[in-house]
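One structure, pasted below without further comment.
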Amino acid sequence: MNKLDYPILSTIIFLPVLGALLLMLISRARETLTKSVALIVSTITFILSLPLFINFDKSTHKMQFVERHDWIPAWNIKYYLGVDGISVLLVLLTTLSAILCVLISWHSIKIKVKEFYIAILLTCGAIAGVFCSLDFFLFYLFWEAMLIPMYLIIGVWGGPNRIYATIKFILYTLVGSVLMLVGIIFLYFYAGRTFDIIELMAKTYPYNVQFWLFWAFFAAFAVKVPMFPVHTWLPDAHTEAPTAGSVILAAILIKMGAYGFLRFSLPLFPEATKAMVPAMLTLSVIAIIYAGLVCLAQKDLKRLIAYSSVSHMGFITMGIFALNSQGIEGGILQMINHGVVTGALFMCVGIIYDRTHSRQIADHQGLSTPMPVFAAFVMVFTLAAIGLPGTNGFIGEFLTILGGFTANKWAGVLAATGVIIGAGYMLWLYQRLFFMKVHEKVVSLPDMDTREVIALLPLIILVLWIGVYPVPFLDFMHPSVQHLLERVNEAGNMQEINIAKTLMEVIR
Amino acid sequence: MESYVLIPFLPLTAFVINILLGRDLIRDKAHWVSCLTIIGSFVISVITLIDVINGRVINEDLYTWIISGKFRVSVGFLIDQLTAVMLIVVTGVGSLIFIYSIGYMHGDKGYYRFFAYMSLFVFFMLMLVMANNFLILYLGWEGVGLCSYFLIGFWFEKKSASDAGKKAFITCRFGDFGFALGVIMIFLTFGTLHYIPVFAEVKNFAGQTVNFLGYDIDLITLIALLLFAGAVGKSAQIPLHVWLPDAMEGPTPVSALIHAATMVTAGVFMVARCNPIFNLSETAMITVAVIGAVTSLFAATIGTFQNDIKRIIAYSTISHLGMMFAACGIGAYAAGIFHLYTHAFFKALLFLAAGSVIHAVHHNDIQRMGGLKKYMLITYVTMLFGALSAGGVPGFSGFFSKDEIIWSTFASVSPVGKLAWFLVTAVAFFTPFYSFRMIFLTFHRKFRGTHHEEHHLHESPPVMTIPLILLASGALAAGWVGIPHLLGGGAQFTEFLKPVVGHPELHGTHAQEWGIMGLSTTIALSGIIIAAIFYLIKTYLPVRLARNFSSIYRTLFNKYYVDELYSLIIIRPSLWVANSFIEGFTDAKIIEGIVNGVPRSIGRFSEKLRKIQTGLAHHYAIIMAAGAFFIVALVLLSR
Amino acid sequence: MLPELFFAYFAFAIVVLSILVITRKNPVHSVLWMLLLFFHIASLYLFLNAEFMAAIQVIVYAGGILVLFLFVVILVSIKEELRIARFISAWPTGLTFAIALFIALFFSIRSFIAAPPSKYTVDLIKKETHVQVLGKLLYTDFLFPFEVASLILLVAIVGAVVLAKRRFKS
Amino acid sequence: MNLQLPDLSPIMPELIMTALALIVLMVELLIKKKEILAILSIAGVALVAVSLIGSSGATFGGMFISDGYSTFFKLIFFVNVILSILISIKYIVIEKVNFGEYYGLILFSTIGMMIMASAADLIVLYLGLELMALSTYILAGFIRYDVKSNEAALKYFLLGAFSSAFLLYGISMIYGLTGTTDLKAISLYITEKGLAGNPALLLSVILFTVAFGFKIAAAPFHMWAPDVYEGAPTSITAFMSVGPKAAGFAVLGRVFMVAFASIKVDWAAILIPLSILTMGVGNIVALAQTNIKRMLAYSSIAHAGYALLGIIAANNEGLSSMMNYLMIYAFMNIGAFAVIIMLRSEGFKGEDITDYEGLAKTHPLSAAIMLIFMFSLTGIPPTAGFIGKLYVFMSAINAGYTWLVVVAVIFSVISAYFYLRIVMYMYMREPKVEVSLSTSPAIGLALTVTTVAVLVIGVYPSFLVGLARAAISRF
Amino acid sequence: MVPLNWYILLSTVVFTIGVFGFLSRRNIIIMFMSIELMLNAVNISLISFSHYLQDLRGQILAFFVIAVAASEAAIGLAIIIALFRNKATAHVDEIHEMKG
């Protein structure tokens, strides 16, 4: 099924890994070489991943660029890769962010340089793996393996409070994923000893099974997203992580959660999903408003943006659980947008931090006088973040709200208030950073240098491109999303089953 | 693909060029790019207008913007009579203001930025008026809001300026919140967002109710009201009017272009554009009319007591917008648009004149002006024209439009018609009063500023005065295209718009019409006279009145304390909730409490548990024996 | 009647002696009581016509192990031993669980059903002496365990040497 | 009387091993350079491993069986003994106890384990167990001049003897009940006489559980483990933490699955609370530890708990998962101990976890390796530890103990905290004390082997899993 | 004829006495003797079984038990001596270097 003459997905996943191995050989002293190699590797990976964008057949929901080999026959585990409209863009986003991470940390990483780039490459490879895997075992392998380098990235190169942040990050995530592991194994036996996701999707499961498995998976995905009650690891992780770490977190890592919902929870447990829609929408809306309000209270730049991304992820989950094409496609598109925009914002914070070594909003008044170009860049991303028409943020937010509104008017209305709050905190932030009297600390800061411009330019282009002409991106999704919706809807109509009733019968 | 497409995109190119090259290459030549492009669009607009007059309506999609499931929207333009009029207003008045700005903004370090933003604004405004579906409308809608944010906060070093910009944007967002929901409701109802099919379909949905958040509401009413919420925000009607006066922090040309001539009128335009929807919902119409009329009087009263020259004009703007809505509310859309059209001229004129004054005295306080007549004659004369036109003095364009509104309200069948009429008539007194209060305090009697200021007084350069003159002539003559039949005119304007906005049914005799016209005119004139008495002859009166009715005076002077009210009921609470409750309590205490508490308690438990490991072999043995015993016991008991 | 009486005596003696063994303050006394105990047990074996076992019991335990014990006891200062408490502070707990365990064991073995008898009847063993029968078995069927046991003894020797022998730290 | 020699091919490995041990003991007297002995014994063990191939079948009247099951365990023992010897060579020199007996005893202990793995008769089982135990007692106290070592030996010895007394009592009960000590015969007798559920029988099962529970350090019979692991020579700690544990599991598996096959329900019901308790105690108490050997002691208790899941599953899948787990555990645990041993140098104990601060800065490579082992012990892919856990969880869930697995995974999350704390110390703290690693080719080799094994098994477990499956198929 | 259960009971009693001794005595040697006591208890039952089942396995096992007991004694006492060298005490409750 792979139309290309080389195994593109494996390349995307393992080229960075090979790069990491290569870096291990380079002597610790030669930092520039290390950086350049990392940059080259990530760039090549990105270039090699472009065929996904070009050669992708937008007319089918079938998995494409499939690679399928026996791996562990004892457990009927296959090395099974493939992408469809849901995952392909995320893969591209991953390969892109790898480059950006390398670029943005060029000067900001001073200690253990070699290890840092190794970790970055490994993380990106693993996350790409998560998006490509079609075998549950393989998926879980990448899903967890990604933790190891990420743990180090935050913990070694992070801020003062990094250790607390890492421990929190790792434990939070583990709790979720181990429960999912149990779910996966249970599913494995229930479906007759197969980890093959496509096969598993073909089967239907009784409601009780769906119900428990849904929550088992929910535990893993909700933490990653992160959804409302389990979001508190994110601000800490973001705040303490180095810029590249935050970019990875924001751009791709937390997408794994939302992706998980789309790829697994919905098609595997359609009836449970339908039954849970009210709960999920509630949580999403709470996340939107709650996190938005928290943003108003933040004094720390990164913390604010971290909470804002909790709020944005709220839109995404709402879209996903709206269970209609606008919602889901909006959700997927919003994943990309959020990846681009929030990633970019974190890079901007990094650019500030490199200059002033402070993350306090109060320390950076009137930045636009010394750094006008930077101000312009940030403005674009801010506007995208508040969903101004013409930027990508608008398309995603509008579609998700439309979807949410269609599913449940309350959800739509409340989510829309989130847009107001969003404008509130983002513009206030922008004002406090860039407007008003110049803070003496920042008077003589240099404006962005070429490297930084190069790092941010592609993101600007994406912001405007998706904002003005999103159709090419949306086209990727239609067949897959349609197919997904059919799968969800064909399952017998279980709307009337309410959770309490289920619990009762499960207990019995 | 035809020339009209260039109308919006010329300014856009201007923006791109200026923003990219402005800082390093173009610098103080930025105006060339912008002015040329906008004049270009003006020319094309005129051509288009002629086409339209020749009965050609353009509705064309450029490309599909968004597709998702049934949802499909394209970027496309609809150019009909209404649009054509708006195009003229925007590009025409816009060009003059651009030219004026060359002089006004001269030497500002953000020169290129200013013109870039202005061009961008014009682009969005044109998108707004040319849109052929609600989402593009929304695009322009938000876009102009964004530009006003930029331009109000143009001098961002001033905290007040950046605050004002933020305030404008966020206040509008409150309206847009409703507007967006309205758009979504439209899609859910009609399955499309394009005007033509929507307006064609809309009748079939009349009378249907929809359950919205637990209430059964008439579908059309709901949609109309949601849309109107957006208009209230953009056009600064009660209760969202608070941002407009603060918006005066921006450079004067900005106030002229955005906060008088074009953006703020977007609301009126939208209501007029959606008249097929509004017409079907009496509730909505009443709301529009009442809010319009009330706002009109409300703002007028406040305007009477302001000392900041620009704020006076700002409140006058709000007041005039109110009138337009009142007109729309009773179905006289044409009248509303007509007033919009005339208002564009005289309000832009007033602002620019005020700008020229400020240019001379370097502050906005009319109490510290006076006697400027002899220093800057052109400004004086033109501003006088503006005031006369605004005050609705017969012969001036303002007169015709205002009179048409007053008459329509009086003669309308709408239940609130008379109320609207009463309020608007009252406004007809205030408008000339505060306009001339301003004129008198500014130009007449002797200068009240410092000597130092005094001998810097000078007339503005021609690049500024020429636009003034042009606008002044507009303020005088622009209205003549709408002279009512009563005065032997052809009311061409109304007729021209009829295909789009229709015509309200009016019940009234010619006699009544004469009477109403006479009444309003007398009222207007009396306003001027009283102003003259207060501020030219018996100057001590206002002071004494202020003293005697101090409470009323203070209330009005402080704009009915609306801002204070809002900060009390919206801003402070939300910040408190954010800071103390959510951040401080829910997040930090409850969630984090659990998140950190569980591991901590496990840790404590671990510390306790390790105490069992006493290091004494005996204890270990005892535990082993105990374990053995318990297992045996359990097994024995379990059977 | 006689055998019961006989058993009763020995049982009683064994219990009393073992209690004495674990309760004497002076280790030497304990050892001596234990010696006596072992003799009683040996004679119990005789009573179960396992002469060879009885012999070993006396030779190995009484002759070997106890002597070892005595050697070691010498190392301990008896005076101090007599001065301080014999039981650990938590001995009541120990006692409780010992008794508890006994009850548990007792209740489980109440339902004990012995397996049916096999071929080695008393008179068969009488015919060809106990030693011989046992020896045969040890060198045929149980050759393997027997060899392992020898390994164990070897390890014991080596271990004792390694641990106890004075040697200069290399 | 004619004494025909029984078929010796099944016990050939044991025989060679014994010969090897004896040779080592003798050569020890002749040579000064004790490293020779190490090499000799490693070579010998390799030879024995080869001789495994030929050996299969029962002998000595069915007292001794060499089947796939025992063979797999013997492989574990060989891995264990070879790696332990590799990491010992330098260490016992540093500890100044460079005596030849050391190797001899390790070999004897291994012979004991091998006999346990192959024992099909309770008598043989008992003797094998004692052989292993006695040698280990000595090894635990091998550093004679060190009080801790003595204490470790003493505690291990006293409690060990205590537990084996329980074992004996159990054996005697079984013997009394069934009139035999042969495992198959026992199960036959139980089934045909319908003894299942007889309290006396259950009592003996419980007594077995106590004794084997002691060997595998399952709560509440684990109390000895932390002290002994801490006090014993580090190399022996590594050796003990794998070998006797594995042997214990071997006999546990064989006795319970063969002799008590007909009362699976009962002993499963006994083992479940045991395993939960074991995982709980192991993981939770480990959180509070500051001495890394002690911490790993608790961790090895916890791992015993996970491996128990395999036996609780009470089917071949379960057993093979348990075997698989132990093999993986052997690699990762000894690997970790190898790193720990490297920190031990003249006058520097290097057992406190704070000694690991900033190791990544001073010795990046060994820090990286330790990181791999820590993640493997936590059970995070792509390391072998994950495969091990996954397989036991799979078999437990397949046997219908999903809730038990949920408990287990929660505990494994808790375990992440203390394993990753080591990583945290190594990577996220600045070095305080100047640590000098006492490396040697041998340790290098050991580390290479273990690391490669952990990673390779992590991404390509088929071979190992297949092996375990095949082994169990000839049970 | 003495019933078998008497023997079993006897051995149980002795066994538990041994257990008690092991659990409560401070002196290592006495603890050690308690273990021997337990072993003897087992031997009693074994030999009585083998008598009543008319089967010699029991005695053989008892035989091995005695052998093992001997070696245990050797090693145990060696350990005790090694301990004495460094820490002159015979009381186990004074030996708690390692705990927690």
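The first chain written gets the first letter, and so on, giving A, B, C, D and E; residue counts start at 1 in each chain.
Just so we're on the same page, a contact is a pair of C-beta atoms (placed from the backbone, for glycine too) under 8 Å apart; a residue touches a chain by one contact, two chains touch by 3 or more.
Predicted, not measured: the structure shown is a model, and the values here were computed from it.
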**OP:** Moving only to chains each one touches, count the minimum steps from chain B until you reach chain D.
**Re:** 1
Original post:
Common contacts of chain A and chain E?
Top reply: B, D
Subject >> Chain separated most widely from chain D, comparing mean CA positions >> reply: B
Subject >> Winner on C-beta contact pairs when C-E is weighed against B-C >> reply: C-E
Subject >> Innermost chain by mean C-alpha position >> reply: A
Original post:
Computing the C-alpha centre of each chain, which chain sits at the greatest distance from chain E?
Top reply: B
Original post:
Taking each chain's centre as the mean position of its Cα atoms, how many Å separate chain B from chain E?
Top reply: 97
Original post:
If you average the CA atoms of chain A and of chain D, how far apart do the two points sit, in angstrom?
Top reply: 43
**OP:** Indicate the whole-number Å distance between the mean C-alpha point of chain C and the mean C-alpha point of chain D.
**Re:** 31
Original post:
Distance from the CA centroid of chain D to that of chain E, rounded to the nearest Å?
Top reply: 26
Subject >> Interface hub residues of chain A, defined as touching at least two other chains >> reply: 171
Original post:
Among the residues of chain E, which ones contact at least 2 other chains?
Top reply: 4, 8, 15, 18-19, 22-24, 26, 31-32, 49, 53, 55, 60, 64, 68, 71-72, 75, 78-80, 82, 92-93, 95, 97-100
**OP:** Spell out, as numbers or ranges, the residues of chain C touching 2 or more other chains.
**Re:** 88, 90, 93-94, 97-98, 101, 104-105, 107-109, 112, 114-116, 118, 142, 145, 149, 152, 155-156, 159, 162-163
Original post:
Which of the chains are touching one another, listed as pairs?
Top reply: A-B, A-D, B-C, B-D, B-E, C-D, C-E, D-E
Subject >> chain E residues within the chain B interface of the complex >> reply: 19, 22-24, 26, 31, 92-93, 95-100
**OP:** Note which residues of chain D are touching chain E in the complex, please.
**Re:** 122-123, 126-127, 130, 134, 137-138, 141, 144-148, 150-155, 157-158, 161-162, 165, 168-169, 171-173, 175-176, 179-181, 226-227, 230-231, 288-289, 294
**OP:** Using the touch rule from the top, collect the residues of chain B that touch chain A in their complex.
**Re:** 19, 23, 63-71, 135, 138-139, 141-143, 146, 149, 153, 156-159, 162-163, 165-166, 169-170, 173-174, 177, 180-181, 184, 187-188, 211-213, 574-575, 577-579, 582-584, 586-587, 591-592, 595, 599
Subject >> Complex interface listing, chain A residues touching chain D >> reply: 28, 71-75, 112, 115, 140-141, 144-145, 147-148, 151-152, 155-156, 162-163, 166-167, 170-171, 174-175, 178-179, 181-182, 185-186, 188-189
Subject >> Of all residues in chain A, those that touch chain B in their complex >> reply: 168, 171-172, 229, 231-233, 290, 293-298, 324-326, 329-330, 366, 368-369, 372, 376, 383, 388-390, 394-395, 398-399, 401-402, 405-406, 409-410, 412-413, 416-417, 419-420, 423-424, 427-428, 431, 434-438, 469-471, 474-475, 478, 481-482
